[in-house]
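Chain lettering (A, B, C and D) follows the sequence in which the chains are written, and residue indices restart at 1 in each chain.
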Amino acid sequence: MMRFFSDNAAPVHPRVMQAMADANIVDTAYDGDRWSGKLDTAFSELFGQDVAVLWVSTGTAANSLALASLVQPHQGIICHREAHIEVDECGAPGFYTGGAKLMLVEGEGAKIAPQTVNDLLSSIRADVHQVQPAAVSITNATEYGLIYQPAEVAALGALCRDRKLGLHMDGARFANAIATLGCPPAEVTWRAGVDILSFGFAKNGGMNAEALVYFDPALADAARFRRKRAGHLLSKGRFLAAQLLAFLDGDLWLENARTANAAARIIADAAPDRLLHPVEANEIFIRLSAVEAAALRQQGFDFYDWGEGAARLVTSWHHREADVHPLAKAIATL
Amino acid sequence: MMRFFSDNAAPVHPRVMQAMADANIVDTAYDGDRWSGKLDTAFSELFGQDVAVLWVSTGTAANSLALASLVQPHQGIICHREAHIEVDECGAPGFYTGGAKLMLVEGEGAKIAPQTVNDLLSSIRADVHQVQPAAVSITNATEYGLIYQPAEVAALGALCRDRKLGLHMDGARFANAIATLGCPPAEVTWRAGVDILSFGFAKNGGMNAEALVYFDPALADAARFRRKRAGHLLSKGRFLAAQLLAFLDGDLWLENARTANAAARIIADAAPDRLLHPVEANEIFIRLSAVEAAALRQQGFDFYDWGEGAARLVTSWHHREADVHPLAKAIATL
Amino acid sequence: MMRFFSDNAAPVHPRVMQAMADANIVDTAYDGDRWSGKLDTAFSELFGQDVAVLWVSTGTAANSLALASLVQPHQGIICHREAHIEVDECGAPGFYTGGAKLMLVEGEGAKIAPQTVNDLLSSIRADVHQVQPAAVSITNATEYGLIYQPAEVAALGALCRDRKLGLHMDGARFANAIATLGCPPAEVTWRAGVDILSFGFAKNGGMNAEALVYFDPALADAARFRRKRAGHLLSKGRFLAAQLLAFLDGDLWLENARTANAAARIIADAAPDRLLHPVEANEIFIRLSAVEAAALRQQGFDFYDWGEGAARLVTSWHHREADVHPLAKAIATL
Amino acid sequence: MMRFFSDNAAPVHPRVMQAMADANIVDTAYDGDRWSGKLDTAFSELFGQDVAVLWVSTGTAANSLALASLVQPHQGIICHREAHIEVDECGAPGFYTGGAKLMLVEGEGAKIAPQTVNDLLSSIRADVHQVQPAAVSITNATEYGLIYQPAEVAALGALCRDRKLGLHMDGARFANAIATLGCPPAEVTWRAGVDILSFGFAKNGGMNAEALVYFDPALADAARFRRKRAGHLLSKGRFLAAQLLAFLDGDLWLENARTANAAARIIADAAPDRLLHPVEANEIFIRLSAVEAAALRQQGFDFYDWGEGAARLVTSWHHREADVHPLAKAIATL
């Protein structure tokens, strides 16, 4: 079975496994250990800015903690109708924020345009009967594998600053976005107005570590309590910190993402007429009939159906060219 | 530095590390993998009863999910004033239950007696102005290292059944309790009336896996949603399931707990006059002046002060006799 | 100023005021008084079925308590995109349910069709990543003044029973609906599958009393605690109960609603070409340019703009024919 | 039956009833009416300070909204073990704050001393595992009818300012406290460091109106949304505002409280040896055997048993001397 249904299915990268093995010594519990102690510095270097970083085990926890930092229970969060926080987290943002409301907007490929946010804002009466938004959450790369350019984020960032809205970026595939953009991570985050980034590693070769990055370190103080209160302060946090440090070491995170993106490119190039969205990261959405889907599965390829007549294929860090060419060929010859 | 401040500080057992390495292959995400799929059966065998098991990363998450299964937001949970859920989880039960109230009782060594529960129940008016308890939570071994015997749990269990209260057992050190009791795990859990067990492995040589055991599998259905909603459904859950299976394999969990308990026994025997509580598991609470504490630390031993004139020492699976004798001797010769 | 902007603006009916004055004697606090004690019987007679009734002060409280009775925090409530619970209650359902999600559907005039609910249900994956709906909430009369016929409710009720969904009816203007339908209240509620009704009186001549009607009395037990916990158990509840009893006495509720509906009919008949929705209760939505709106206001009529080029007019129990004809005439001669 | 079981049982004062009748005209809904619009000014005059005032229907709602203004869900509120918010509100503070924890302290007659607060603060580790308090809530007059003097409140206020804790005063019987103190309301509130006051009127001759007074008006902004979200923004709020204004008019609130206090004094003076607490407001706690209690009830007096061998008697604004003397005599001659 050749699995392309999710980058979650991939193994953990050997260097990450090795870092965890190296951390398997006696040390202080929770986040008092030597690995956790290095995170702020390491990520501050990466972002060229003082940041506070909290490790958590899942993207859902990262996103929800971030949103709870930005809104009160009676407020709202503007996001895309197909955002992961809306459709795939079982209402986690509602749980962590105490019932704040996701306010949905449309946009091609799960991208949000400033005008759409403005339109939504205009439709809300400024009285106590209606939930008032206090944050915007965007995903980069989006749920359809599209990339926000620095200028696009900056436009949203300016709008948010103007309207006193926090800006959160769900970066479950942030590495894939940066691999495509080729810019410093700062360009598409804090310099563009992002307040908090959920920086994903699990889909990129990690085991269970994500970095919740606060570009305003003061915002992180309450989040540390909320993390504990949510049961996300692991007693042996050193194993999470070690994963993150292994990723930063020698830019493994970027190398892995480049590999995954390159694999996606190969598949995309094999099926230009089938593409439902431009392929800018490591996800490929293609038109595929039920018969064609069955044919691919017959040949051992595994993937998600995406509604009727469509499929989603996801590549990961462990997909070498040799793994991908058979699929590309199979699609091309359907 | 010889650390006795927490069993959380210990390394992960090599067989558990190996199991995680073995699980580092491509498989389905979340809990759809082959390891997660074996948990119900493996734990059902251990308990001699059909159980549903959810892995989670921390004891706090396990406890909170369990309590949320037993009470509504407007209800209460009876627990000891020094229970971990009350003093060391940053209000997590309040978060997960939507604001249910911990109703505190006293008891020597953090143990709860049925009479104490009865007294509390009698003090509550059965009207809507007062929070009505709907569950009892006990810890075995307790926060002071004491053990509930099967008959003691059964007495609480009978009371709970009679008063329509759920019964939760925080088993962060359940293995240590069973190692002392020498009885089948069933005796002190479901046969004694326990509805849900937080079965801890992290303090016993695991990395980040705890088993939330539902003796009534139907209760687990909602908990699966709540786990996801809390951000605790890890995308590569196979690494948690693999840890749990490694522990059950050849009763490693019991072997580790016996080692830890034996180490605690050696220290306890070296300081019989200092003991503040009987040593029945792997925690030792001793009278220790500030000068004596400093002297021990001077010799390289690390532990928690426990208020004035007292200290807590905790042993773990990796404390062999040779590691413990120096501490025992140091205490004896204070 | 002749106010047609809301039935909330109307005075309290004299018979209701008198009932409150009559209740101004010493009696037991909260809901232990003689008036509160008669509610279950009085409403059971009205509905021809044993019901449990809780008074509350607002429709928002009634709706939210009802929804909290039907769903768990990790579940969802299907409602219309323009339902009051979605657009005008500042997220109250999210607060009372602990974060449950409103799942929005479309429908002409804020009415929901069974097919629409079915379509939504079909679009949800039955896994823990997506919020699973557990209830449907409809409004009768709707936010656009349309009426659900008994058969329409029954079709939704059958679907709900089939899919194990609770069914709530927001009856802020239930009296206006019954006045139009001319059927026994039972026909469009419990006989049609409604589990809980928010039966509104404040818009119909009451001061601050709404009846939360549980057609399954057992469901009301927890709601009594939730009402207290929400601060809605008034210490002098007799004044709320007295209002409700005054409304049932001699069918004042129905008489008031008929008066309001008749007033709306007069206005509607004066502007048949302007109507944006059929006028079936006491709300009239008409096309009205900004210039025309200004002209009406100039003549002393007060109402809400409803987006661009439209207006909402609401009649109430105190609008006699003589009060309404001037407005009807003014519109007709625009 | 002569009822002394609660000041909640009393009727509404005729001037308050009249004010409600006078407000029974057409006006804007919610709190946009002319009566609501006068509240800030009226209470600012009373307190000699700019305040923001929100009406709510119950003391529970007032207290909970106040606490939610002062603490985050992961924080705690220090209060007396017998505070109303702890024992008689069915967990409402937990609901409104999203699960914040009440941290209980002792104190004679339900009064809290600064040293007790200090001791509690000292017992809490400043780490994320323990809930950190962010507010103190005191009741004046207390649940046992004792009065905090301005200097006592000021001592707590200074401590709170020093430790960055908010200070809330539950003034369900604030009028009774001021009637005894004879000082301007400012002395025992904002000048002493109180941030928010729940100013009760329902127990003092009101129907269903309490004033939530923010001495820092900026804090009230979010509370307005929370009030709506809790279903406490009544559509005909004018009837609540009218009650409050009637109370301020001619100091009716103070006159009523003086009457109630005087009635309590008469009873207290008749039973000096039975008093369990000094009688400083309108509550009398006396030793009373079961036989004696039965004898009083036999004579037509109604009151609460307060545990074994004790009883609580509460006087109200409508207890004239002639009403109270029979009870005083009956007790004296037991």
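We adopt the following convention: a residue touches a chain if its C-beta (ideal position, glycine included) is under 8 Å from a C-beta of that chain, and two chains touch if they have at least 3 such contacts.
Values in this document were obtained by computation on a predicted structure and should not be read as measured data.
Following the contact convention of this document, A, D is the list of chains adjacent to both subunit B and subunit C. Of all the chains, the one whose CA centre sits at the greatest distance from that of subunit D is A. With centres taken as mean Cα positions, subunit D sits 42 Å from subunit B. Subunit A and subunit D have Cα centroids separated by 49 Å. Each chain gets one centre point, the mean of its Cα atoms, and the points for subunit A and subunit B are 34 Å apart.
Residue positions of subunit B touching 2 or more other chains, listed in rising order: 73-74, 89-91, 95, 98, 128-129, 225, 228-229, 233. Residues 72-75, 98, 128-129, 132, 222, 224-229, 233 of subunit D are the ones that touch subunit A when the two sit in their complex. Taken together, the subunit B residues at the contact with subunit D in this complex read 73-74, 76, 87-91, 94-95, 97-101, 128-131. Every residue of subunit D that touches subunit C in the complex is listed here, in rising order: 3, 6, 8-12, 17, 21, 24-30, 56-62, 64, 89-92, 95-96, 202-203, 207-208, 225, 228-236, 239, 318.
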